[in-house]
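Per-chain numbering from 1; labels A, B, C and D assigned in written order.
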Amino acid sequence: MSQFQKKVELVRTEVLARDVVRLTFDAPDIAAAALPGQFVMIQIVPGQDPLLRRPFSIHQTSSDGSLQILFKVVGRGTKLLAEVKAGEQLSLLGPLGKGFVLGDPDKACLVGGGMGIAPMLFLASRFCRQTQPVQAPTVILGARNRQELEPLLAGFQNLGLEVLAATDDGSLGHHGLVTDVLKGLSLAPGFTVYSCGPRPMMAAINHLCLQEKISCQVSVETVMACGMGACLGCAVPLKAGGYAHACSDGPVFESGDLLWSL
Amino acid sequence: MSQFQKKVELVRTEVLARDVVRLTFDAPDIAAAALPGQFVMIQIVPGQDPLLRRPFSIHQTSSDGSLQILFKVVGRGTKLLAEVKAGEQLSLLGPLGKGFVLGDPDKACLVGGGMGIAPMLFLASRFCRQTQPVQAPTVILGARNRQELEPLLAGFQNLGLEVLAATDDGSLGHHGLVTDVLKGLSLAPGFTVYSCGPRPMMAAINHLCLQEKISCQVSVETVMACGMGACLGCAVPLKAGGYAHACSDGPVFESGDLLWSL
Amino acid sequence: MEPVIVKKDEVDLRVAIGTLELKNPVMTASGTFGYGREFESFVDLPRLGAVVVKGISLTPRSGNPPPRIVETACGMLNAIGLENVGVDRFISEKMPYLSALGVPVVVNILGESVEEYSRIAERLADVAGVAAIEVNISCPNVKKGGVAFGADPKMAAAVTAAVKQSCQVPVIVKLSPNVTDVTLMARAVQSAGADGVSLINTLIGMAIDLRSRRPSLANVIGGLSGPAIKPVALRMVYQVAQAVTIPIIGIGGITSAEDAMEFMLAGASAVQVGTANFVNPRASEDVVDGIANYVREQNLDSVRDLIGALLLG
Amino acid sequence: MEPVIVKKDEVDLRVAIGTLELKNPVMTASGTFGYGREFESFVDLPRLGAVVVKGISLTPRSGNPPPRIVETACGMLNAIGLENVGVDRFISEKMPYLSALGVPVVVNILGESVEEYSRIAERLADVAGVAAIEVNISCPNVKKGGVAFGADPKMAAAVTAAVKQSCQVPVIVKLSPNVTDVTLMARAVQSAGADGVSLINTLIGMAIDLRSRRPSLANVIGGLSGPAIKPVALRMVYQVAQAVTIPIIGIGGITSAEDAMEFMLAGASAVQVGTANFVNPRASEDVVDGIANYVREQNLDSVRDLIGALLLG
């Protein structure tokens, strides 16, 4: 397992929508080792406040050694991160965690909601890389509105993928939830759903997939201190009882293994 | 007493020598109220680490509302402060403390050592403002070497003042201490020495002035938390016993009032 | 508290500590706000719930030699050594300004024996403007060989009872966090008649300067304050809230209205802003503003709805 | 410690905790370094003085429900709930890797009764690679109604004596800071035969999420660690150093070699790096490097010259 702690240069900051930011780092070691669904832990400031690193899914890597994250400003850490200037150095730790297990591309359905779209682009690009363009995965992306969703579509479209969109306000694509769209596809058994997004969305997808006997992998978020299995802070309750750890057993899990009522 | 807490813009950062930095702020309220020997407390980061503000003498003010400080990078706070980019906003608190009591310009001798030169320029400019150019104060400035001292002379020369320089290595002016130069002047009684610099320098000047029966005002440095008389952290031992507070009773004191053995 | 008709755009921020009624729950912490006047350029003092002044002793104290303070991670250590002007000069020199302003003044007092505490309280008993006495029991008990009153429930109760007898104003006892079980102390002073407890005082700490290989403070050890200690303070307030019925004043690392309201949720009826005053001299008034905004935005009937309103389970 | 000829460009960093001889004073703190292997990409494990593993109980524990951690100012709270694989799986699954590396392993153990502590120690007694046992007495004593062993000198002594009897390896007792007088605890465990004490464990703290009006941790309270607590830790190490003769291991907010050496000046013979491992997984090795550089630059005969070398007065 190749993991790195590196000071890397922030190459570019792009504000894609209100409070939605994409950062591009020059991080060749981490980018080369990364798999879809894995994440990095970023040290926000060199000082001790905020103390802990923040976890972000790897949004995209490129053969030129760049690595992107896509995030929403929700608190102090993400606010500071959005303010870092291009050219500055940040410490990245990664790639961390277990990513998605890639199956047959044309039996794959990717469902991303909100910032859960971040890991989906990396996943989609790997699906497209390993296959003929004819065998493309299905992609469903949801967000609150057109402003939030539209800037995120280009990446998928560049891969030649068609995106089924859903927005809460109907300003783009289906007016409603990604689960409605997913339901409408009536996927055949043998399909796998790959999903990341808000907890209620993933719970609904899990429910649907259970009913339809479709396998489903989800990437979950928890609070994390270390990101590498040392602190045991990132407990995820299991259906069978006890806990798994999001950072080392996940963040991607078989959705059926998790306890969704919590 | 007009004191302000203001977010002000950093207009310019100048590195004058290795680890010696001059910052120019656009701080019209504080600049207008400031007196020589007074200081400002600067909040280094918006976060809580480092927590406390740092005190800096006011180096220069200008009628356009700008205020300058001159400082040496000695620790974490000054390092961070030196890295702030022009255009950013910092919180300044000031003007704080009691400054120098200005007497007769041609009976004034200003002695600054190292970063103790910072308040001397402001003091010199006030002396020059209130008087005909013929009645100029005597100025003695000392530093470790030419590199450190030279960039600081221009300010005084612009006021039309001649500077008597002293360097530890003799690379500029007198090879030795500012006290040697001061001794050489054999000031007449009625003169006042205004001094700021390292503690041993000020102790020596105090000793000399006591012998020569010359009055002497010194600006002292202590650790400070509040800068405004509230925390009582900035105790300065008095010759008469007990303590004064550098931030509110000083930072300028009659040198004879202080206990120099400590 | 009497029902008062509150104007629509005003919010009801009133809280009570025993018979001490405050227009809002925000006080300043002793030793971090001087004698109040130091902050007049920055704070509209009468807007504060109360001003708690620097700890006052029977006779003036000159305090510890410097260095007296040192910064630590998200906090600071102080070993001021209780420097103060003494109760007589406090009454003659400092109180007139504050009582003229009309802001309630809480006088923090400290003694080295039970008798000393009583005598200070007696002198303050009838001074105009003194709204309450806050008894600082964190100083060592000289008569009993240096054990802090604040770590011995019996001694703390004795001091409380003595101060209660010496004055009519509400008596708040300020608890030290440097104990195994803070609820024992809180219960003891409640039984002895305290009208409220305030907590926490500073945690005992130390810093060392590697360069000189010396302690950073001349006094070697000092009191830790600031954001660093907030989690400990919040926990103790929460524990004490389960243990006593008298009002609690929460103290420790409060820098914002959010911090203050967290203490209220944990069970505090009021709060004190301490070290934050050094960084932002307007901090106490900012906390008043922030609480008012929250109460307005959340449409609460009064700020008192927050007291102990932590949701569990 | 036997004199060993130290090569000119090498520095002598060896320290001893009783019969436990370490090549350098830097350990990892229990619960912050997993079972060691998690850090293999970042740390050359055999370079560490010792690896202290996550606290081990007699049977596996699944720990507390989430959220288990929350960040605080310059620190964090954790309520992991002592999740661990249990002593048997620890021995069969975790020890082989560590003992093959040859890095001394200190096993942190925790029980709910004196007997449980003994039984865990017995199982570990002859396991290859187990260099010492660190007894965590901060967990509540279930048999005595939930009072922590760590706050009761008699109970702490009883646990210490029982563990000493159950194994031959050095026994280090890890002290809790949540007590009025930590020196009482240190003296008690020294009398009971402890080979060393390590301190501090976490301070009990709490955080509240104003938005949800709930505690930030499912367990309501948790343990505070990180730079925020360093001043308290340093003070307690200093106090304990005046009170006992057995070696002390300093813990609390150490993120750099400078921090570590401050603890040594205060009286610690060794240190543990905890929360810092989360921010900088190479922190422990960085501390080794930094201490080595300092000892070299200052031309010290050995790192042991720093132990208790604080200058006073």
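Keep in mind that, in the parts below, a residue touches a chain if its C-beta (ideal position, glycine included) is under 8 Å from a C-beta of that chain, and two chains touch if they have at least 3 such contacts.
Given the structure is predicted, the values throughout are model-derived calculations rather than measurements.
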item	value
Chain labels contacting chain B and also chain D	A, C
Distance between chain centroids, defined by C-alpha means - chain A, chain B (Å)	55
Gap in Å, rounded to a whole number, between the CA centres of chain C and chain A	47
Inter-chain centre distance, chain C versus chain D - centres from mean C-alpha coordinates, in Å	35
Residue list for chain A, restricted to those that touch at least two other chains	48-50
Chain C: positions in contact with at least two other chains	73-75, 226-227
Contact graph of the chains (line, ring, star, complete, other)	complete
In the complex with chain A, residue positions of chain D that touch it	31-34, 38-39, 41-42, 54, 62-71, 73-76, 78, 80, 83, 226-227, 255, 275, 277-282
Complex interface listing, chain A residues touching chain D	1-5, 43, 48-53, 91, 93, 222-237, 241-243, 248, 262
Residues on chain C engaged by chain D in the complex (per definition of touch)	72-75, 77, 151, 178-181, 203-208, 210, 212-215, 220-221, 224, 226-232, 234-235, 238, 253, 258, 261-262, 265-266, 309-312
Parts of chain C lying in touch with chain A, wherever the complex brings them together	73-74, 227
Contact footprint of chain C on chain A as seen in their complex	48-49
